[in-house]
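Each of the two complexes below includes chain A, the first together with chain B, the second together with chain C.
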Partner chain A sequence: MSTIVLVSVIVMGSLGLLLGLVIGFFAKIFKVETDSRVDLVAELLPGANCGGCGKAGCADFAKSVVSGENPPGKCPVSSAEQINAIAMALGIDAGGGFKKRAVVRCGGDIHQVARKINYNGVLDCASASLIAGGPKGCRYGCIGMGSCAAVCPFGAIELVNNLALVHPEICVGCGKCVSACPRGVIQLVPIESTVHVYCNSPEKGPEKRKNCKVSCLGCRKCEKTAPEKFKVEGFLAHVQYDAPVLPTEEDVEAVKCPTGALLTAARHKEIETNDPEFSVNE
Partner chain B sequence: MNKSSRSVMTFKNGIHPVYHGKELSESAETRVAPLLARYTVPLAQNAGKPPEVVVNPGDHVKKYQLIAKASGFVSANLHSPVSGTVKGLVDVPGPMGVPAKALEIVPDGLNEEMEPLPAIDWRTAEPKALLDRIAECGLVGMGGASFPTHVKLSPPPEKEIDTLILNGAECEPYLTADHRLMLEDPESVLAGAAVMGRILGIGDRVFIGVEMNKIDAIHRLNEKAEAYGVNIIPLKVQYPQGSEKQLINAITGREVPAGGLPMDAKCVVQNTGTAAAVADAVLRGRPLVERIVTVTGSVVKNPGNWKLLIGTPVIEAIKLAGGVTEEPGKLILGGPMMGFAQKSFEVPVSKNTSGILLLAQDQAVNYVSGNCIRCGRCVQGCPMHLMPCAIAAAVESYRFDLAKKHHVMDCLECGACAYVCPAKRPLVQHNRRAKAEIRRLTAKK
Partner chain C sequence: MKYIELAVGAILVYNFVLSRFLGICPFLGVSKRISTALGMSGAVITVMTLASAITSAISRYLLVLKFEGKVYDLRFLQVLLFILVIAALVQIIEISLQKLSPKLYQALGIYLPLITTNCAVLGAATINANVGRSVLDATLFGCFSGIGFALALVLFASLRERLDLAAPPRACAGIPLALVTAGILAMAFIGFSGLC
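On to the complex of A and B.
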């Protein structure tokens, strides 16, 4: 009995020792040289793997930072301190100005926009947009079925009254929603901007007006008030996000947009979340 | 040839809609519509490039006068349906839910007509001359796809064509426009078929497939068929018998290969309405400006069939039928299976509008769709032998590559799967989504 135990212990022990030596030997021969800085940067990155930087994930982005392809500031998720920490660790420039956040350029919630068809299909924006131009009267605005909210890795998009609403404090600007939206309503804007035109329809003013109470009519009032901050192309006003000075709440007050398409993000959120019956025309 | 046990030709799979709704309008004789105050003639009435406008606002046009010229080979001429004044280009609601450009014409009531083009003796004429006449008269497929007829009739030289099939199946419930046409004007249909047979150089393999629920039309066609060398084939009442791939299979027993066209099975398929228009163009020298439209539905006061001019707003057609008895639930252009629901009553009738269908409110039910119970009825119903349940599952998880592997691109969008699904799943919509997505992805590459 005891010999069986002894033999098996010796055999197993020596086998283990032998195989361990073989593994150790080959590990030395086939050693893969890794840059320890890549692991360091990857550890400092948030690890959300959102793809907002344009790379396949955080590890891939870490590689590109170490190789100098991208500055650390290109990560849309990390805070300024985290980016500085990466820059300090590598001894390079942090790079900046990439911080963006998403904004849904549509104010056509269930109370503002006419519903032209009784839609009873798949609850997915891309599928709905294929049927008779979508369930809402406007063919350019938010469809409101939440395809963007479904893809947001951070849960920053909420559906309120059939309208997608980006929570700016959660949004990191990874841009996943931009490609998920079949209408192209969502735009990435500089994080400092607070004023947006909540309309995306290039149609003529009266046409838009038939469908939606809060559409931009292209009246050029904003452009006349602050030509360096707003520009009307066709029948749709745009905030000049690359202008040296971004518009503020004072500009919104000075313009007095007749339909209320030009709003501060805070006011827009207030309207959509707190006061569902609100309409600027009433 | 495929023969069922009752020795009536048909294809495999497919469905049998419970309610056909044809009794509403099938015995109503085709009537001519009175002149309206204005017509909006849509420009893009053909598959391919829309034609270019050749008249200016304020111009006076005669009936049958060319108002827009084909801009390329896959395009079709457009002619004025009335004599009157061109008001200009306007936006009208298009049949697909997006606005379309249309020429507004206000009739002057004088009914001045262009001189008809010289009649052609088709039995001796060159095929090229016949083809040119068809192109000149702006003919498109009147069954729904509105593909220019002259393009369909000029297959590439390397493709051998030995069969011409005319689709008189009219398998969509409610529609009776083709039925009335075959009953009232069988000679035009037969002559059109024979003309197209001559263009394609086909001897005796010209068929007209008619579903068995139109026995009277089959008899009427058979009376004259021999003189034109056309064969009338009775078909089983089964949906979608009138789809070209299914029709080819039912009549010739051939299969159109996946992703292929009828010409890959040596066939050309045309609609009976198109055949009558061919006869009009060749024998009477008249371009296509009007068509038979079924105006029907349980809420329509006097359902029937009307010869409507192209550009007639749908609302006017409904007024012709006596208006509605109650608030309708849904307006559909075409049949209930494949037609398109409309947002507006101002949609104009175009060359491919076969029916105007108003459903009652209790017919336009908002189904609650459930989960797939894997019963396989959609697989049994699919005339293309696809697995709609598997495709839908792939689409719901955004696996468009998987949907492509399940041959979603061969889907006809006939709606048989969604019709039989006990869970009321929106299978056709999933397929359409997948097709759009796959097309977009391949276009990107």
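On to the complex of A and C.
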């Protein structure tokens, strides 16, 4: 009995030793030189592997930072201090301008948009949009059931007059609401941008007008005033967020949007929170 | 004739993934794109062939020891030994691959170390030992099983690549649809049963 134990220990032990030596031998001849800076940067990164930077994970991002492909500031999770620490360690520029904020591209609150049906179902945007496209007349705008507000981990979205409103000072730009919205109304925009087109409907101008008083008619007034800042695709104007100069309040005043779809974020908030009866036509 | 039977049996009739249901983890994990599926298939074929060769040699010559007229039956160590050998083998392949083909190493990523615990590899080794195949037969069986795994993986990956272009209901998109597809693919392979 004791011999079988001894034999099995000897067999397993010698096999383990042999395999260990072979692995050690292979590790020696196939040694790969790695950049120690990559490990340093990977250690300073949050290690959440969220993929928000567009890379496969924090280790992959660290590699791209060391190679100079991406500046450290492109990490959406790290705080400013953490990013500066990485930049200091490598002696490079931290880089910025990658922080994003969510914006609900719809101004169709309960007073502006026609009500198509009386919806008595579950208070959830996905459910509502499946039933005849939700209670509002517009098939592309905010449904106003607050599915985005429910998923926001920071409580940055408020429902005002059946319209979701992002508080930019609370929002961190994680993008959870973007995927929660069945209509794709919410967009992540650069944190510096203050002017947005509060309309998401690609329908023809007159069709939109029937349903919503503050829709973008695609009149191209903004594009004509500042062609490098606004672009009309189909019947919907877009702010050129990747343009070198972002539009400001002066641009909004210069354009004089006939329906009021083009607004600064501050003015939009003011309208929704203080003056629910506001409408440019009245 | 014997080898043709072995090949048809291992690749089609008793396909490791679709008939024996072994190695489902990489089957679902690495089947999003054909290119990575091909890389994974190559890794599995290599590991399975080498592991079958070494484990069958061990089970034939090391597990029943004859020493000074006495017989030591060590077959109770079978699983432990197989796992040890497979783990070491995967480690060696990983080290070599990192140096020889960094692109493939990166494409395989976490799935290469996962082959260590891939039940398809251990399954091939155990089936060989139970049937009592010779080293040559076992090596061929390992190779054919690997090819069978590769066939299932590449077929599944090409199906999933096309499904990416479809617009299924939101609740079905992704893994649920992949599992349904895998089930239908397995049913198709049932058609080969009785072939040998």
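In this section, the second predicted complex is superposed on the first by the 190 of 282 C-alpha atoms of A that agree within 3 Å, B and C clash if a C-alpha of one lies under 4 Å from a C-alpha of the other, contacts with A are read in each partner's own complex, and residues count from 1 in each chain.
What we mean here is this: a contact is a pair of C-beta atoms (placed from the backbone, for glycine too) under 8 Å apart; a residue touches a chain by one contact, two chains touch by 3 or more.
Just so you know, these numbers come straight off a predicted model, no measurement behind them.
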Q: Would you sort A:120 into first (chain B), second (chain C), both or neither based on which partner it touches?
A: first
Q. Regarding the shared-chain residue A:131, is it in contact with chain B (first), chain C (second), both, or neither?
A. first
Q: Quick one: classify A:7 as touching chain B (first), chain C (second), both or neither.
A: second
Q) After superposition on the shared chain, which partner residues are touched by A:139: those of chain B (first), chain C (second), both, or neither? A) first
Q | In the superposition, chain B vs chain C on chain A residues touched | A | C
Q.
Looking at A:111 after the superposition, I want to know if it touches chain B, chain C, both of them or none. Which is it: first, second, both, neither?
A. neither
Q: Share the list of chain A residues that count as touching for chain B in one structure and for chain C in the other.
A: 126
Q: Within their complex, state which residues of chain A touch chain C.
A: 3-4, 7-8, 11-12, 15-16, 19-20, 22-23, 26-27, 30-32, 56, 126
Q. Which bits of chain C are touching chain A when the two form their complex?
A. 62, 65, 67, 70, 72-74, 77, 80-81, 84-85, 88, 91-92, 95-96, 98-100, 102, 109, 170
Q. Inside the complex, what are the residues of chain B that reach chain A?
A. 96-98, 330, 340-343, 364, 366-367, 426, 429-430, 432-433, 436-437
Q. Considering the complex alone, what residue numbers of chain A touch chain B?
A. 116-118, 120-122, 124, 126-127, 130-134, 139
